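Paired with subunit B in one complex and with subunit C in the other, subunit A is shared by the two complexes that follow.
Coming up: the complex of A and B.
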């Protein structure tokens, strides 16, 4: 006799219709996020221009580039800097299309949101280009807004180049070598690891739910389930934090996190520094002399 | 033989009021390979954490290397340093144990905490990584490693401290067959080096293969057997009563019979 537990329903499973369930969408999104991090490590390990630089020098030079970009006024020069980020991306084996998409979909969008008011006659009076009812876009306002967006795009581009061409482990090493407290660096490393681990847990929870659901569930059910699972993940996170602390104590942790950072600058890094300084001077010089404010 | 750990009438109760260990009395001698076996929730992991000074008893006493092992004594820097350098603990969940930036940092963490110089630390990392064949993993972040690789790095992170006693919680858990064989080889090398190993497991075959002493914990958290693995494993009724084996029906052609069957995997 077949026990009730093993009884197979005679009814054919109902076919799903309509959009994908919340569980599936969330699991896919998390899987995508995790895969992106892992792929990023692969890209950062490939043989490209930016990848070959010492992470400390890369970090400092990109910071300087971003600051320089904020002092550049002329739109042509900002355009040159935007093109420069793309050229660096190409030289670093980064897909220029995905690089541009990422920069403009995030930095471009937020830059637009922030700078849009500056383009209006309320904030920047001047020659009116377009009027939409009470809203008027002025010529000087448009220049200011475009300049702001371009600066954000340049900064975001350089920032993204560092993130995409530097492994997280090297980035933390660079921070450590640059004098950031070992405890802070260790906390960042643990946070990254914990986030990855919890993302996997959440992904599996959603997939487990998906595998036992015949319909997408009501919005109310989904909300309740997500809230309950969030509480579970929070509890699990705290338990893991306790266990990690025990593991640290077990290996002699006494409050300090000394590390052996082993980074060496090469002649390539020196050449990069010289080229970077020259590029910054040139950008500011041309901006001031050719396009005076 | 020298007694490395002596537990006398040790009891432990969780904050929730649940009993974890009930009047445990045992001695672990130097060079012994001990398997603590028991069903899920029998208190194996708690006992192991107690031997590592991470959990403390509510009643009874524990001494390690002739010194009382308590929260207070572990506050003393000299004893803490000596104890931590002599006892290594490999956690059941390798993810918990790998908290550093890279596998290299994991292996270097313990020696650095012990105050060793950079050259000595690098030498130890290179030696252990070579022995465990994980040189290629040293530059990688722990979260990018597979389950077996994480376990190797977790074990290596303890071995770089060159402990006298190795504590391992469910060492074969989540390992594929090849990694299990590798682990048993590591334990065998450890045995030949005269070091002490205490493992907590419910994998009876791994315990029998790698240990020369088996301690059985009941589901009531008490020691119910302590002896050579072959003697303990011969006590079928005892193993049935503590839920380490179960009656299992098998069909061979037209015949169907029942015989004891061991749990070899975590029942989640």
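Coming up: the complex of A and C.
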């Protein structure tokens, strides 16, 4: 269940005409990011295909999928992989619409923006499909741009599957089991907690400023305030590091990190590994033999 | 600057993923020596700060906003090795928790933002600030360091993008990953950071250093420069020796066309360009000193002379700033934080 605290920024205490102030926009963005992480954790706890896998096997298999996807060059196979990410999302009880929206609104959209010039004769000369003056779209350019967008969408899809179906604690256990040093794992664990704590602090700073201001303020004032607050966060981070270390010592910390490894693979995981290997071999085989580029 | 999956081919991302591991090991070893058991909460908080600083919207011109990366600031506060680890951790958390930045591209993102940016920025800061910086010089040094750091990291990302069409293409020459050649990718990345993100990073870093210097100057203590600067000079010498590699590139860098090349492309030379083209004749056109016949040696000599000129001007500006600083400004005691 998502705590009510996560929705503070969505409460919108009062509405103003005109655009939102910088403080409000930043507070909303931070509140949204925090709420998203909490929602992800809730989603990762539901009973779906990817959630039921051993986190080590899931992490390695998604990494392998991403690598295999980078070796796939044909458009039909890249489209198949996009569909595969959505099928995995559906099997993991993730809303396919939300999944697609997330992939295409971030990676897909920026992929489109970045790859668009490559479709023109300016970057990729060739047979002209649509003539728009100096920015004519060429056939090879269109293929290159589409391939790039599809590739980015596949990569983002696999990445999002890990983010949405794996609890942070499980991810840390997987990293620990895969040989990542306990010191690094402990630092990662602490980092995530401190990020959430600092984000809340920063969100509250912006909400407090918003509540004290009658207008949005000038850019110069806002810039000065933002820099002052950043410096405060820097000082607070250093101070908190000392406090956390003192707290660790007072609880008997001796320098040794507790191991987080407590994972057991099941027959379901074995079946997943076999299916994954078969899917990767099939994808690369079809890409090279049926649709060579 | 976060590179998602799909833009870099396996040759590039695998090489960078492998290259980052020994650097993390060296950084961890260096930090263990200085920070000991305290490193876990300090690195965690520094990584959290690195993440959070990117969430602040900084107002810039025309009502738009930008955000800072903060890697150079962390390098100034904690040293470059600690910045390397904390920014890397922030990037890993961004990729695995927030889905920002690709999984296969983690190595590339860490090389750009957790190695190149903090190290370049830190040593530029040391070079400009000197060992006993006053208030104004420290702030100026932080701004220059942040600007140079982020622009260098952006150029590195541009090089990574620009190498893709050379490294991976179909038989007919179609790019399989990022399609833009070096002549497009490098200027595109450099310009947006020279003109927009660089100034934002510089203003934010200068501002935070100014506030910290006023409120808690102990955070800005520095280690004596002797040993790290030796490494900087060694790395710099290696780079100068490698400059003849640049002669292998074909064609002219994007946007740096001469009048004749523009005429060949457009069919005419714009009147203003023709008029302004002869106003200045450089001492070494095309990095080829007239007194050296061999182009490779000439390129190398041009690199040495150009670098010496830049260092000389920087040194002179640094001396000038030092002279203008208040001599009674508090000195900074050495610390082992780096």
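Convention: the second predicted complex is superposed on the first by the 251 of 293 C-alpha atoms of A that agree within 3 Å, B and C clash if a C-alpha of one lies under 4 Å from a C-alpha of the other, contacts with A are read in each partner's own complex, and residues count from 1 in each chain.
Convention: contacts are C-beta pairs under 8 Å (C-beta built on N, C-alpha and C of every residue); 3 or more make two chains touch, one makes a residue touch a chain.
Since the model is a prediction, treat every value here as computed from it, not as a measurement.
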item: Touching partner for A:252 - first (subunit B), second (subunit C), both, neither; value: first
item: Contacts of A:147 with subunit B and subunit C, given as first, second, both or neither; value: second
item: Superposed model, subunit A: greater residue contact from subunit B or subunit C; value: C
item: Which superposed partner A:190 touches (first subunit B, second subunit C, both, neither); value: both
item: First (subunit B), second (subunit C), both or neither touched by A:198; value: second
item: Which of subunit B and subunit C A:288 touches, first, second, both or neither; value: neither
item: Subunit B versus subunit C as contact partner of A:169, first or second or both or neither; value: first
item: Partner chain(s) touched by A:226 [first = subunit B, second = subunit C, both, neither]; value: second
item: Subunit A residues contacted in one complex by subunit B, in the other by subunit C; value: 168, 186, 190, 192-193, 197, 240, 244, 248, 253
item: Partner subunit B, residues of subunit A touching it in the complex; value: 38, 41, 167-169, 172-173, 185-186, 189-190, 192-193, 196-197, 240, 243-244, 246-254, 256, 258-260
item: Complex contacts: residues of subunit A adjacent to subunit C; value: 22, 25-26, 29-30, 33, 36-37, 40, 62-63, 66-67, 69-71, 73, 102, 106-107, 110-111, 114-115, 117-118, 123-124, 140, 143-145, 147-148, 151-156, 158-160, 162-163, 168, 171, 183-184, 186-188, 190-195, 197-199, 202, 219, 222-224, 226-231, 233-235, 237-238, 240-242, 244-245, 248, 253, 255, 257, 293
item: Contact set on subunit C toward subunit A in their complex; value: 4-7, 9-10, 13, 28, 37-49, 51-53, 55-61, 63, 65, 68, 73, 77, 85, 89-90, 92-93, 95-99, 102-104, 170, 172, 174-180, 184, 203-204, 207-208, 211-212, 215-216, 219
item: Subunit A partner contacts - residues on subunit B that touch it in the complex; value: 49, 52, 54, 77, 80-81, 84-85, 88-89, 91, 93, 95-102, 104-105, 108-110, 112-114, 118, 121-122, 139-144, 157-158, 161
